[in-house]
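Structures follow.
The two complexes that follow have subunit A in common; it is paired with subunit B in the first and with subunit C in the second.
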Partner chain A sequence: MYADTSTLPIAAVILWLGALFASATPWLNQLDPIAILSAFWTFNPDQYASVLAHHSWAPRVSIAMLIGCGLGLAGAVTQQILGNPLASPTTLGVEAGGQFGITVATLFAPGLLAFSPDLAAIGGGLLAIGLVIALTWRLGFSPVTVILAGLVITFFLGAMNMAFLLLKGEWLGNLYIWGAGSLVQNNWGPFMDLWPRVLVLAILMLLLMRPLQLLQLGQASASSLGARVGLIRVLALLLVVLMSTTVVSRVGVVAFVGLAAPVLARLLGARTLGSRLLWSTVMGGGLLLLADTLAHWASTWGDGSLVPTGTTTALIGGPVILLALQGIRNTHHMPGQESSPAGFQPKRRSPVMISGVIVTLLLATIVISMGWSPGLDDWNWTPITQWHEAWVWRGPRLLAATLAGVALGLAGTLIQRMTGNPMGSPEMLGISGGAALVMVMIVLSGLEVGRLGQLGAATLGAAAALGLLILLARKHRFAGNQLLLGGLALYVFMDAGLRLVMASGGTVAAQLLNWMYGSTWLTSESEAFGLMAFIVLICGFLCLVVRPLTLLPLGDTSASALGLPVAKARLLLLLVAAVLTASATVVIGPLSFVGLIAPHLARVLGQQTVGRQMIAAALVGGLLLAAADYLSRIVVYPGQLPAGLLAALVGGVYFLWGLSRHGRA
Partner chain B sequence: MFTNSQPFRLITALLLSLLPMLASAGTWQHEQGTLTLDEPPKRVISLNWAATETLLLLGVTPVGVADRDGYSVWVKEPELPNGVYDIGARVAPSLEAIAELKPDLIVTSSEMAPAAQLLEQIAPTYVISAYQEGSQPFDKAREMLLTLGAMLDREERAQAILADIEQTLDTQRQRLEKAGLTDRPVALVNFLDDRHVRIYAPNGLYQRALDGLGLTNAWSRKGNFWGFSVVGLEAIAPYEDSRVVVISPTLPGLSDNLANSPFWTYLPPVKREQIYQIDATWPFGGVFPIKRLAKQLTDSLLEGGSDNVR
Partner chain C sequence: MSAFFKVSSLGVHIGDAGILRNINLEFREGEVTALLGHNGSGKSTLLKVLARQLSPSSGEVSVLGTSFNSTGAREFARIVGYLPQHPPGTDGLTVRELVALGRYPWRGPLGRYNDEDHQLIDQAIDDTGLRYFQHRSVDTLSGGERQRAWIAMLLAQQTRCLLLDEPISALDVKHQVETLRLVHRLAEERELTVVVVLHDVDLAARFCDRLVALKTGELVADGSPREIMDSGILETIYGVPMGVMERAPGQWVSYVH
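Now for the complex of A and B:
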């Protein structure tokens, strides 16, 4: 089941030497091997190639290794704290927070950035983790709630970053690069600044190793041995944040190293905590060096424009996660998914009352959205007799947004029920990612497509992603975690493309970002009605599949024993979820996260059984996006924000409030 | 004989009375169909800055423009008068605001292709894209100027603007040639941070200014369709012979960071003190930035370079 432990050192040596050699190759025709090696400490001022090697290449290689090691270690510690291989500094919101800090500093305090780029990034990262900790403290700081809160914070801060990029894009040219991660260096300064800090943080992390080991025993046993579980987690998390933000502050977001390195180490046979920490660190350094070399090579092909390292780390991270899909066998390696969120069982409420309230709110939103609107000079109230005129501009988009919310709410509930993992959602399953990937490729190729082309491309992408997932997951009888990991890998690929676009030019990126966060304003009347017919059809079908959904989370054995063809049921439900997601993605983009938030809101509102949760989630999703669409139209009128972005903001705030309020009760 | 001429005169008179209308009415082919106008449009809306600039050059003040405030910061010239409505972002304009202004012509680019039908519902839409795969921005901008000139009955003005730009390029080239400053290639860059620059490629708008001034672009590779490539600073190192022209704005602290980097101080153009800096010019505009750039570039080259950015 696992590779032999002796493969680890061999793999590490091959990775490091291969990457180093590959990195040095372009210099071979200008400098002799000794000169290349000595570029790390000296240079010949009369030979320009030598100057370049010493001041540009050598620091870049060094910083790649340093940062890779730091992120690998931070990733391994995060996974240990939270006991979930999907957890990484990225999913805790640390990088989104760092970017938020840099964005705010660039816009409002450019002097601070010139003084020290670290402060802004670290401040942002601490803000993110501070929010996560504050929200989950009362809930005993359990891993699942931490991961959930981390994800929501990631989306929330990510959405804020995007809002700034869309509204102030011209002012944030540096952010497009920072967000994509580039290890280009032109002196030794950053490396010299970084290495002592990374070393100190690494030592502190290792000091926490013994207490961290206790966490493996589970909360109860660890507490009985006298470990202050919450405190250890907080301390370790703080170190993770400091490590991640310190390294990314200088080079930007190099995503997925912190996720891929520990996964790779585990795959190659690192089992004890000590060996996992060691080999994740080593693998992280090797991986990033390899990725950066690829990025450097790719930059010299084609038209010579920069290929950010964030792109290649994502391109490498994707396959590693896919490998993990084959290698990580069973659910017991993912403790996160088994324990349902501690204290996340709010008291049940009458479904009629809850549905009534949401429907009333939805109707109110529709009336306000149709009637009360800003004009070029002032706000005015459109009387109901003139709604047919206003309908052209306000109606189709509102209808489409509401329906997309319903679709995502349903798809999200389906997926969370099916996988039994609270992190499961159409976004996490990669179906929206597949749709987005195709769009990214279209933008990259410079083609101008019409609305119909967009629809076709998105559907094609979603279908392809789904096909790939089915292919990958077939072996595992469509079991939940393999699907999630596969989806994550797809999302990683999409992310790679997105970062490439972002780094290549602000203006193109703005267009893409707009689509990614939902361009409801492009919806025509016929599209909206088409979507409506489609959703009604699917809802009818869903009434028929409530039973399999109730049975699937009981586990394969029990479900089969109760007469359910497990694999077939999973495939069918997966298809339904995919189709729902694809139709919604075209309208609202892949990043609204309504599919993640709506089912949780339904539970917070006390709807526990499958049928009730589905209805409540659909209504909540519809309400969220209806409100988001209205707000997107009015808040910066005559400008408009993408509705999906506002949904992520509005939904995120409510979700966090629900989480913390419940903790108090 | 004269009795026969009565209907003839009538027809002549009728034709003559139609003449002013014919001069401006017409049908134009554009990137996404055809456009028919019965009379010169009075209420024009532009959905990108290149179109806004072209309209203002022609002396037509649009009733609404996309991203009005950004125009005044980034494009600056020709100046946008007060009282023009903002109709939203360039990537996502507000259709409702556009409709409220009741335009009789909308000028946009193929970037708005997904919204083409919705825009057509509001008013005749003229689609022209200076910036797309395979296009030569200056030629397209020129076409936009001449076509809008014809639509708005200002053809002479359009021709005069083009002649003025050619004239400026000629004058400035002679100044450079007289000083013997045309032989070294020029790299046009924007600093994004202290490690990365945007470098302007031969397929961009700026190339027209370099051509007109008799200068060679140091960067010979094709950029993205906006006409630039984002590169690491080390990418300009191989062009040891060239001069580096830095286009403002730059982030605060940049000159200190560069001065502390041996990589920068060893860079041949830096050693030769051939770093020049010019004021911000909008690189994705219509024809006008060429004139602005040509003047500034010539002045700055004549003034002499330094070993760092300001």
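Now for the complex of A and C:
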């Protein structure tokens, strides 16, 4: 199960030397190797290259290593706290929180940024983790819940960032480059500023090592050994937050180092907690240096347009996660986790009543959306006799948004049931990401393909992502966590592409941004009706698979012992989920998170069995996006906000409310 | 013998369902007590309350005369060790590393392990017969060996009391008997107080000093094996007609009619 430990030091040395060498290559024809090495502490004032190396290259290399080490350690600690190989500061919402803090500070308190940049970021990070903790406090920080809450917070704060950007884009242009993590340095100041903080935080983390090790034994055993599990988790999380946001405030979001480094260390055979922490730190430094070098090269080749390091970390992070997919086998029972899921089971409620309420709300939304709207000078009702005239403007987009919501709700339920993981959703599986990546490439290449072409391309992208996923996951018989990891890798790739586009700026970025966050106003009547026919067809099919879906979460063994052809059933369901996702993505963009939220809302509303959950999730999804579409039309009238963005905001709030309310019960 | 645990008018409710109702019990020091009862009778819950894993809805529990609430987490862990019914996967820890974690209550987050600790760890490994496996990963062991590795961790914890939740459920007859014999021997040698949840009445009667039976959250029987191993009492505990034979002094065989 574990590789030979002796490969670790060798791999680390190769990584570091390779990265250092690659980083130094551009200087080789201007300076001799010794001068390059000495650039770290001195320079020759008569030689321009030497000055440049000392003030630009050397601090950049140093800061990359420092940050990489810090994030690697933080990632390893996070994984230990939550006993989940998917956990990282990114997954906990810390980085999104830091970014949010900076955004808010830029807009409303620029003075604070000038005073101390990390205060804003730490504030944001603490806000994010504080929300996560507040939501999961009463559930004893169970790992799954924490990650779930962290993810939702990430989405939520990300959506807030986007909303600010769309509304006040002119102020936040630079923030995008920053947001993508740029390590460009022009003196030693930031490094000197940063290293004592990172060092202190690292030492504090190491002091917590032994209590952290106990967490591996599960809550019951750890506390019966006298460890205060909650306290340890809070303390360690606080350190992780401080480490991540300190880094974020200096150089922006450098995602996935905190995820990739521990995974890599573990794959190469770091077994005990001590060695995992050590090697994650080392690997993190090497990885980030390598990524930064790649970013630097890419910037040089791409005629001067800046390629942020965050992009290349994502490019490296993807393959590492794919490696993890092959290496980490026993992820179904994660370490330190209770064998019985501490899933939340709110009181069951009558499906008829709940569906009735949601349908009523949906109808009300449709009526209001069709009728009640702001005019040039006043709000007014459109009488029902004139609806056929208003239809062209309001109908297709409303219909398409509702249907996309239904599709995402269904796809989300399918995926969560299938993987038995509450984090599963079309967004998390990278299916939306695949569709989005293709769209981004089309826009970047400047091709004019029209709406239909986009639709075809997005479907292709989703299918390709899914195909890759199936290929990767076939080895594991489509087991839940492997699937999620694979999807995460795809998502990482998409993220890299998107960061690149955002950082390049310009009109293209604005256009993409609108689509990404679901601008329903592009939908035509025929598309909307096409979508409707399609969804109805799929719904008919779904009635047939309710029972297999009930069986799958029981685990492969039980399901196949009960006579279900597990692999086949999974494949079929995956296909259905992908098709549903693709059709929704074209309309609403990849980032609405309805697919994550709707199935949960259905559960919070007391719909526990598969069939009921699917019905409720579909209705909730439809309601969410219908309401979001209406709001997107009126909030900044006569301007428009993307509906997907609003759905993420609205849905996020509801979801958090549901989670915390359950916590109290 | 003085009371190790004193449980008075204990009640546990989860939601509307009452899991335990009005339990009054004393667990005496140096005594091996078996908790009996059918599934869902509340035995595991009672054990969890004793292990402070679950706080009671009503009533009072004290250990060695002091109330539960006034004992610190590590202080408590030096007195009471608890083995959960389903220990989780250990993600690559070796047997020795797992057992070494049992020293945490004594050494805390930063204290160094000294010779005494290593000696105790060695002894715990020897006591459970795991010397040969000590450098193997716990996850690669068989069910019985894994169970023993966890028991070894509890032994290294050097507590005065062991709370074991079905410690022999995954074992074959030989290892069941060996584990119980080990527990019994240790209890005698070190004056340990042991509370163990068991399903097998005959084994419980053979190896325990006292049997306590619960039924739907209430205490139905409490006494020495000789008192409990009676067809009438067993019938009230399990709700099926049963008979008992005494094959030899202290060795009973119960059977279902």
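Methods note: the second predicted complex is superposed on the first by the 650 of 665 C-alpha atoms of A that agree within 3 Å, B and C clash if a C-alpha of one lies under 4 Å from a C-alpha of the other, contacts with A are read in each partner's own complex, and residues count from 1 in each chain.
The rule is short, and it goes like this: contacts are C-beta pairs under 8 Å (C-beta built on N, C-alpha and C of every residue); 3 or more make two chains touch, one makes a residue touch a chain.
Since the model is a prediction, treat every value here as computed from it, not as a measurement.
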Of subunit B and subunit C, the chain that contacts the larger number of subunit A residues: B
Partner chain in contact with A:A22 - subunit B first, subunit C second, else both or neither: neither
Touching partner for A:Q454 - first (subunit B), second (subunit C), both, neither: first
Which of subunit B and subunit C A:R228 touches, first, second, both or neither: second
Which of subunit B and subunit C A:T272 touches, first, second, both or neither: second
First, second, both or neither for A:L107, with subunit B first and subunit C second: neither
Touched partner set for A:R210, first subunit B, second subunit C, both or neither: second
Overlapping contact positions on subunit A, where the subunit C interface meets the subunit B interface: none
Parts of subunit B lying in touch with subunit A, wherever the complex brings them together: 67, 70, 73-74, 85-97, 99-101, 110-111, 113-118, 121, 129, 132-133, 190, 192-196, 198, 201, 219, 221-226, 228-235, 237, 240, 251-254, 256-257, 260-264, 266, 268, 284
Of all residues in subunit A, those that touch subunit C in their complex: 1-2, 83, 207-211, 213-214, 216-218, 220-221, 223-228, 271-272, 330, 333-340
Subunit C residues within the subunit A interface of the complex: 51-53, 72-78, 80-84, 86-93, 97-98, 101-102, 104-105, 107-110, 137, 139-140, 150, 153, 157
Complex interface listing, subunit A residues touching subunit B: 45, 48, 51-52, 55-56, 110-111, 113-115, 166-167, 170, 173-174, 176-178, 182, 184-187, 189, 299, 303-306, 373, 375-376, 392-394, 445-451, 454, 503-505, 507-508, 510-511, 514, 519, 521-522, 524, 633, 637-640, 642
